[in-house]
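Just so it is clear, A, B, C and D label the chains in written order, and each chain counts residues from 1 on its own.
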């Protein structure tokens, strides 16, 4: 089947995906305002697994679809267009590619089938309380003790750790090394003795993130991925392709359509002032789409993305925020309501405004992205 | 007479000033688009001198008006309101106060009467090519040689040096000292052998600024002001009161009235979009006026201004620029014209736009002002 | 009214007494969030004992007869503490009541709130409501902290009236707000009401300005907390407050706070000294528009400057943003007030 | 049209050949400023020898039949060099001419420019002008580099016509522009004219987009020069480019340049591939609006980032701002194009 899909022309492939998504994706899960927990999204996870579409980028030999980059983008676009929610997908987009590239045959045999079966739900242990955007200064330590590592420390902003039964973890294994050296990649079951998970209620009053504490957690060394002390490079390589998602114009497009609904409901749609501001937002989004397309083309050609992809994240997240700012401006006193207006999920200015807040902080804050642009793209001095 | 003026109540004083200005200020010099040269503004200089109103802040014993701070502000406000141009006033606002505070009796006797008579026209030698906003790193040197200093180096951005016959100069007299130490204040005749003046054509195509070169210029030591190596402190103290002028809302008020004229001429005045943007600018200006008034009150009470006065300069200059940006936006193809539209000086969007450019650079760039606010007002770390 | 020096000394004392009773942390605020009635009636009664509800009531009517400047100073202090008790609503009500009802409001024995707004984006107080013949009909919405009200002052086409919450024909529905409080929607179906003399317009001007002052307190405190955070939080081996890009952003926020303070305080002086209706409206609109926009900008940026911790509900900084979200549009949002300013502001004299 | 790979290779060669003839400094530009005719006719003839005026003319008519993408790529390179020669005007004219007049334009022997605009803020080409019966009447303004024109293509209510500059009834007044060039105002009082077939609308769409591309070149080069300056200019003992506040501003300018490039290049593809009129107009409007706003923002900020030296006329950076000031509104400014976009842009498919 995978070979067939790659051989389809793009438009046929797109139509195939669209039809199947419309027929199979649960209506009530479209465009959810908050990240879904496993209890809600597993239906869709298993449906994808059954269809064989769970892992578009994995080679067919490992149970993936083996889609080329162009087709993967079409699949993603069609999912986005229909408002398909993210699943607990860290196993799919992070652990799978990691093991396929750097793991041993034994690790691949142990873990990949369980991701495909929805048996292992993974979360990502990167950030730490004192190393938010400064990953290289992480301090969670792993000390060698016979066949085990003994892990101590704390991770934070661990997305959906409260759903996961496994965590992939960056730990410091050589405290004497330079910052970005001495970091190692470990795979750890969440039910290991000494792990505690504490959900963090975020500003959206939702428990999407957690803290994860490690108190003398023993991890068998066979769950080390790749070379000891070389975890930093592996982690960096994994991030490459993902960054383009943060710059997808889809989120702003969705918000813009909600802004329009709100303006129509509030009676401001026809006002020249509003029309002017709306047009500016719409043109900004279209220009973002054009820029995004140039990066998608790079991926489609199979080339590596440069650091200038940081631009997309900055533009997309700040546009998203501008759109929700505008919602707040026109909503009048409704801007203060906790719940959607009139029970209509599409008319929820305060909720959408709050949901837009973290976007400029996570995934490398926009300050960090601008640092990257200044130094790595523009070549400005340290 | 000076005593009489201080005794007047504020409103009577204001009316007195206003009447006299209206009766005496040359109509054709009101609100000039560019800084006037001595050949144009000397008429008014001499009129002020004749009236005894040339030096409002100087004590009466030195030939000034001896006005208190409150009355000085009223005088300034009335001059601004009528669009009175600045004269070549560095002798009045800088050299006079400098000598009154730090000079010797002999220096005061030598220089003050000549300022009052319009015989000495002064310019200010502070900035250097490699010390734009970083005054403490200036390099023009003065080496002691008998009764003289021998000065070598270069000054830049010297306002109207091409009009001046004297310059007051900061020079480095102790190259070994820390940056802000070892700086001395000298008074130098512009016709001294070894001085060369080169006008700089600025972006407004006007020769307001000059470079001044010093090649083994001999300056008698009796023209040193105050203590050797203590010039930095004197220079800083002189700047205090001046900073409030840079934050005067007058410039923006004038630009806003020209924006309105332009909008009426272009037919955009009635457009709701324009009205909204104009209202925002107007409200910003009124809030700036309210903030400016709180600083004027401090001066009126005779208290010292704190570093937070930097806020005024930032707000005023950026508002001024926003207003002229708006002019460019509504002017259509007229925005490209070099000269005023239809020969009407009030309809000159490109000219006003260009004239607004330097405002965020001179007088301590707005970047420097924000550094000051961050460090000296908000206490953020170095 | 006393001399300028006396007044500014009084204002200082008033601020100090408020600061003394408002806790430095936000545990009380958190405990009251998303509970009914959204504030603590006992705390409110203590505040009334300090004379706060009586601030703008003339001494002849049992109040303290203070000016708008005092009103704004106190509102600002309450904003700093995110105090949810119905201060502005009660002051507004008190200025429209007399006799026993006034006494109960001033004592904090009853909470009476103005119910004037019908549409989300409007300053119109009449709307479609009538209060003729002792019977009120209509619908009033966006009444802050209505869950704790005993009665409402309802504005109709034909004047004002007092409506008890538990009167026949009165129904009150409650929606939660982002700050943990609530908005009430009052539906009046031939409800019994007591006519009140007077006009709500002037009281609402003051309420709008006081809301601006409250927002000033909110943003000022949020900004101060953020500066503290910037001085102590380290990244890349340095305090984040030493990064120039963040320093400049902080300088810009400082400017917003300063402009808001200047605008609010100047407006208070105008309300205390000028009877020129257009001038009064224009300064209130300018101050409320500035306060609303600046409060949203400053609190939003404070979240950003806090980084990851800023988007947890555990960090207090989020409470300030949520308060700004609710108050920005009360008594008119920025766009509404800009429109009114454009319509009424007197031309400059040049 | 050739394959995508061939085309992008052709575009690369075209850019290279342009870069090869455009000097790396701006002495030539300075020498021509504020002189008549504002450009160098000999240089223009050399450019015509390279086939630039013939770029959009079909091969059947003696041109090179290249696409809009090629047109924009070349305009961008000329923008980088601030080239004042009348490239866009001549390409526009060439697309409306045939026969001997076309040959003269393509050879650079005559400069013929479109004269379509009557009001400063409008895309209307007809205006109040008539060209019936071999007689032109009306007034056309804002004709860039008109001081060097031999003839004009005048658009009227009743079609197009060619008007010689020296014909009876033609008067041309010249005003200088901020970039050192000029705008002509053409007054036609029963002037002799030769009717032309065709419609100017499509040629003006391309001219608007090419002007956007030229502005892209202007801002891209200004930004590159500013980055160089930031890397070498020291203050407080460090390169100013190491200050984070300036770094972040530079990052924002980079984003503006990148968005403009994406917008202009996508619009060129649309003009080369789609016949949908509303889509064509909407992409041109989007690109021109973005280019106009971004060029002004970027060149303005480049002045600021240069500090004191930036506000001397001696620094080349000011030449870029002045060019942006003139071109931003040619073939419609940002507000005009935003309005048109709002009116014509097709709805999204969701």
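We take it that a contact is a pair of C-beta atoms (placed from the backbone, for glycine too) under 8 Å apart; a residue touches a chain by one contact, two chains touch by 3 or more.
In this text, all values refer to a predicted model and were calculated from it rather than measured experimentally.
In this assembly, the chain whose C-alpha centre lies farthest from subunit D is C. Counting C-beta pairs in contact, the pair that comes out ahead of the other among B-C and B-D is B-D.
Chain centres here are Cα averages; for subunit B and subunit C they lie 42 Å apart.
Taking each chain's centre as the mean of its C-alpha atoms, subunit B lies 40 Å from subunit D.
Between the Cα centres of subunit A and subunit B there is a gap of 54 Å. Between subunit C and subunit D, the centres computed from C-alpha atoms are 54 Å apart. Residues of subunit B in contact with two or more other chains: 273, 276, 367, 370.
Residue positions of subunit C touching 2 or more other chains, listed in rising order: 243-245, 247-248. Of all residues in subunit C, those touching subunit D in their complex are 243-245, 247-248. Per the touch definition, subunit B reaches subunit A in the complex via residues 271-273, 276.
Interface of subunit D with subunit A (complex): residues 227, 230-231, 238-239, 241-242, 244, 247-248, 250-252, 254-255, 258-260, 262-263, 265-266, 286, 289-290, 338-339, 341-342, 345, 348, 350. Residues of subunit A that touch subunit D in their complex: 81, 253, 257, 275-276, 278-280, 282-283, 286-288, 290-291, 293-294, 308, 311, 314-315, 367, 369-371, 373-375, 377-382. Only residues 127, 130-134, 137, 156-157, 200-203, 205, 209, 266, 268, 273, 325, 328-339, 350, 353-354, 357-358, 360-362, 365, 367, 370 of subunit B touch subunit D when the two sit together in their complex.
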